[in-house]
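The structure appears below as structure tokens.
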Amino acid sequence: MVYLTRQEHFNAAHKLYNPNWTKERNEAVFGVCANENWHGHNYDLFVTIKGIPDADTGFLFDVKVLSKIIKLHVIDQLDHKNLNMDVPFMEGKMCSTENLAMAIWHQITTHLPPNVTLHCIKLYETARIYVEYFGE
Amino acid sequence: MVYLTRQEHFNAAHKLYNPNWTKERNEAVFGVCANENWHGHNYDLFVTIKGIPDADTGFLFDVKVLSKIIKLHVIDQLDHKNLNMDVPFMEGKMCSTENLAMAIWHQITTHLPPNVTLHCIKLYETARIYVEYFGE
Amino acid sequence: MVYLTRQEHFNAAHKLYNPNWTKERNEAVFGVCANENWHGHNYDLFVTIKGIPDADTGFLFDVKVLSKIIKLHVIDQLDHKNLNMDVPFMEGKMCSTENLAMAIWHQITTHLPPNVTLHCIKLYETARIYVEYFGE
Amino acid sequence: MVYLTRQEHFNAAHKLYNPNWTKERNEAVFGVCANENWHGHNYDLFVTIKGIPDADTGFLFDVKVLSKIIKLHVIDQLDHKNLNMDVPFMEGKMCSTENLAMAIWHQITTHLPPNVTLHCIKLYETARIYVEYFGE
Amino acid sequence: MVYLTRQEHFNAAHKLYNPNWTKERNEAVFGVCANENWHGHNYDLFVTIKGIPDADTGFLFDVKVLSKIIKLHVIDQLDHKNLNMDVPFMEGKMCSTENLAMAIWHQITTHLPPNVTLHCIKLYETARIYVEYFGE
Amino acid sequence: MVYLTRQEHFNAAHKLYNPNWTKERNEAVFGVCANENWHGHNYDLFVTIKGIPDADTGFLFDVKVLSKIIKLHVIDQLDHKNLNMDVPFMEGKMCSTENLAMAIWHQITTHLPPNVTLHCIKLYETARIYVEYFGE
């Protein structure tokens, strides 16, 4: 069993704002992250899969194909977008890094071939803050 | 003469959109960066000053004071903001990294003491794109 | 269950020196790290907590609060200090990165709220050497 | 139980080419990585061991000795070499990062003292692609 | 006048070997870099251009177009190639980082529009060694 | 003319403390950096030389020889040392990064061969603070 990780990135706008709360409560809980006019990040995404390498290729999975799957189901949906307004799979969810990492897991896991398993989604919001999700 | 650099960062939303142009022309020129609903970045800012170190301290300038000047006149104006909507010193300007670097220069240069000179503003928009401005 | 990590850093002096040994044995075992006059490091600290995100905020835990807990109980005790001389919670312990990571665990773990669990302390001594401790 | 990691690196040439296949099939499967005239990488290697620190030193294991073991059994065999032609322990294997990480595990694991256990080999092929192997 | 930098990368094999010298002299001068069977690197390339930003776009130059120029005239010629064997513009030259940086300058400089000037080619061979060339 | 840079590093203890001043004044000016019991850093050092590459080797200068010169005259003097107590060439000087960078320049410049010129000493004290000195 080996683990293979591919790093990708996307740039997006968001705000942390619970629509069921008053503006004052949002600002009290989320501080500057609740700015109505949005802010944004360069997100760094690490996708880790696991399984047994193929004897003929030495590959667990062709990393170029993994990159295409991530691009189609995640990057193209998130890059240069507003996470609160433009992303169907984030609709109705708070745009925290925690929720975003879990949503990315579900975007990828069903598109992998049967011999590989998604192991981890690691998502950096800033250089000093990241979230990991292992699907459970 | 020595050069002293302090790195800071801020997270902001923006879009590249010329209000004098049609939506179509904006999309043709700026591509996904023209997304009406904004996108954003983790900007990394490097401020370099130059001068002669003081004999008693060995310092060109107290880097904690430099950091406070940058915070007051730049970071507090830009961090968790929308560069197109929330920033007086960017009003009426296209929010390109080039224009932002030049505007940051003017925010800082008048607040330095007479014995130090601002040398360079270096601004990363993404990990692979940066702009430098030397004031001329 | 998601995992949230916050990176912090501190700068400190230390030496590796067992007071029960002769100077010669200390130098034989620890080499240049036993220099009586100290040396020092920029330590990078990664604190990982785990738990279930809150439905209303999307947060496992407010990362600004996590940062304050780390600052109060770890960074303020270690930053710009001598690890062998100035730190009550390292008293009587060898100042190895291993022991320091374990001590940092105990400084933080009792100050977290009941819905989050400390998962890992990862501590870089240099860019190429780090220690991880998972509390067991 | 603590985990200690040491990072090393080596620069090597390789190609991905299955000698049992035609040139056309190799190019179809491996693309530019099948270039007959080779290409190469700066590999970054992270070796993680685990165990209980010694009470007298505070060390799990002297990281300088760990570095020497890695140098003797891995770096000296791989650095400035052609992975397909010059490395006895890769003979007959496809030179994928997956196979290389597993081979490095076997080069190191038998040379560690009884009180430490090899935990992980993490190998970066490029800045955005890495493989991890935990020995099972 | 602003300076805009775009980072790209390529992976290639090479050796340092002067064909006018004996094998012994090559090994004496170039050491392990003279290995007949090649070695390789992940090269990081920084291309810096300078000029006056356009008033309507705020851009010195569209960084996506700059990236395409670099890709067409440099990356496509060097990536997953053998620098000594596969690259017409390196023919007859020693494959040092110095010579490669100067050759990359000449590949790019003639393909830039008249309002921008190539300022610097910065090329990392390893994480700790880089060369800069300013065209003079 | 090309510029060649080699990165090295060292770990050292220091304090910022002017012996002609009272303890109170030192603390007022230098804050936590004046801690009598020292603190320390992982310093990153970039040495840049310039000149014309040799036609037979393609080298400006053998980077392994440059590394040895830096090691002998700088790293061996500073690594795992107390900058205030253990370093003859810092005697009588304030141990600021500014003064240290200038002193490193003088340690290296006289040991280079006539065909290369020292261009820049760049010294990181922390990941976010660095000094550059160009010899004038």
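Think of it as A, B, C, D, E and F in the order they're written, each chain with its own count starting at 1.
Please note the rule applied: contacts are C-beta pairs under 8 Å (C-beta built on N, C-alpha and C of every residue); 3 or more make two chains touch, one makes a residue touch a chain.
Keep in mind the model is a prediction, meaning the values are calculated, not measured.
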Using direct touches as single steps, what is the fewest number of steps from subunit A over to subunit D?
-> 1
Subunit A to subunit C, fewest steps along touching chains = 1
What chains do subunit A and subunit F have as common neighbours?
-> B, C
Same or different: at the subunit B/subunit F interface, is the fraction of residue numbers used by both copies above or below half?
-> different
What chain lies farthest away from subunit E once each centre is taken as the mean of the Cα atoms?
-> C
Select, from A-B and B-E, the pair of chains that is joined by more C-beta pairs in contact.
-> A-B
Angular offset of subunit D relative to subunit E [C-alpha, multiple of 5 degrees] = 180
Average the CA atoms of each chain to get its centre, and name the chain whose centre is farthest from that of subunit D.
-> B
Please work out the Cα centroid separation of subunit C and subunit D, and write it as a whole number of Å.
-> 29
Whole-Å distance, C-alpha centre of subunit D to that of subunit F, is 34
Which whole number of Å gives the spacing of the CA centres of subunit C and subunit E?
-> 42
Subunit F: positions in contact with at least two other chains = 127
Among all the chains shown, which pairs meet the touch rule set out at the top?
-> A-B, A-C, A-D, B-E, B-F, C-D, C-F, D-E, E-F
Give every residue of subunit F touching subunit B within the complex, in rising order.
-> 16, 18, 20-21, 29-31, 93-99, 101-102, 127-134, 136
State the interface residues of subunit E toward subunit B in the complex, per the touch definition above.
-> 1-8, 48, 53, 56-60, 62-64
Over in the complex, which subunit A residues touch subunit B? Could you list them?
-> 9, 11-14, 32-33, 35, 37-42, 79-82, 85-86, 126-127
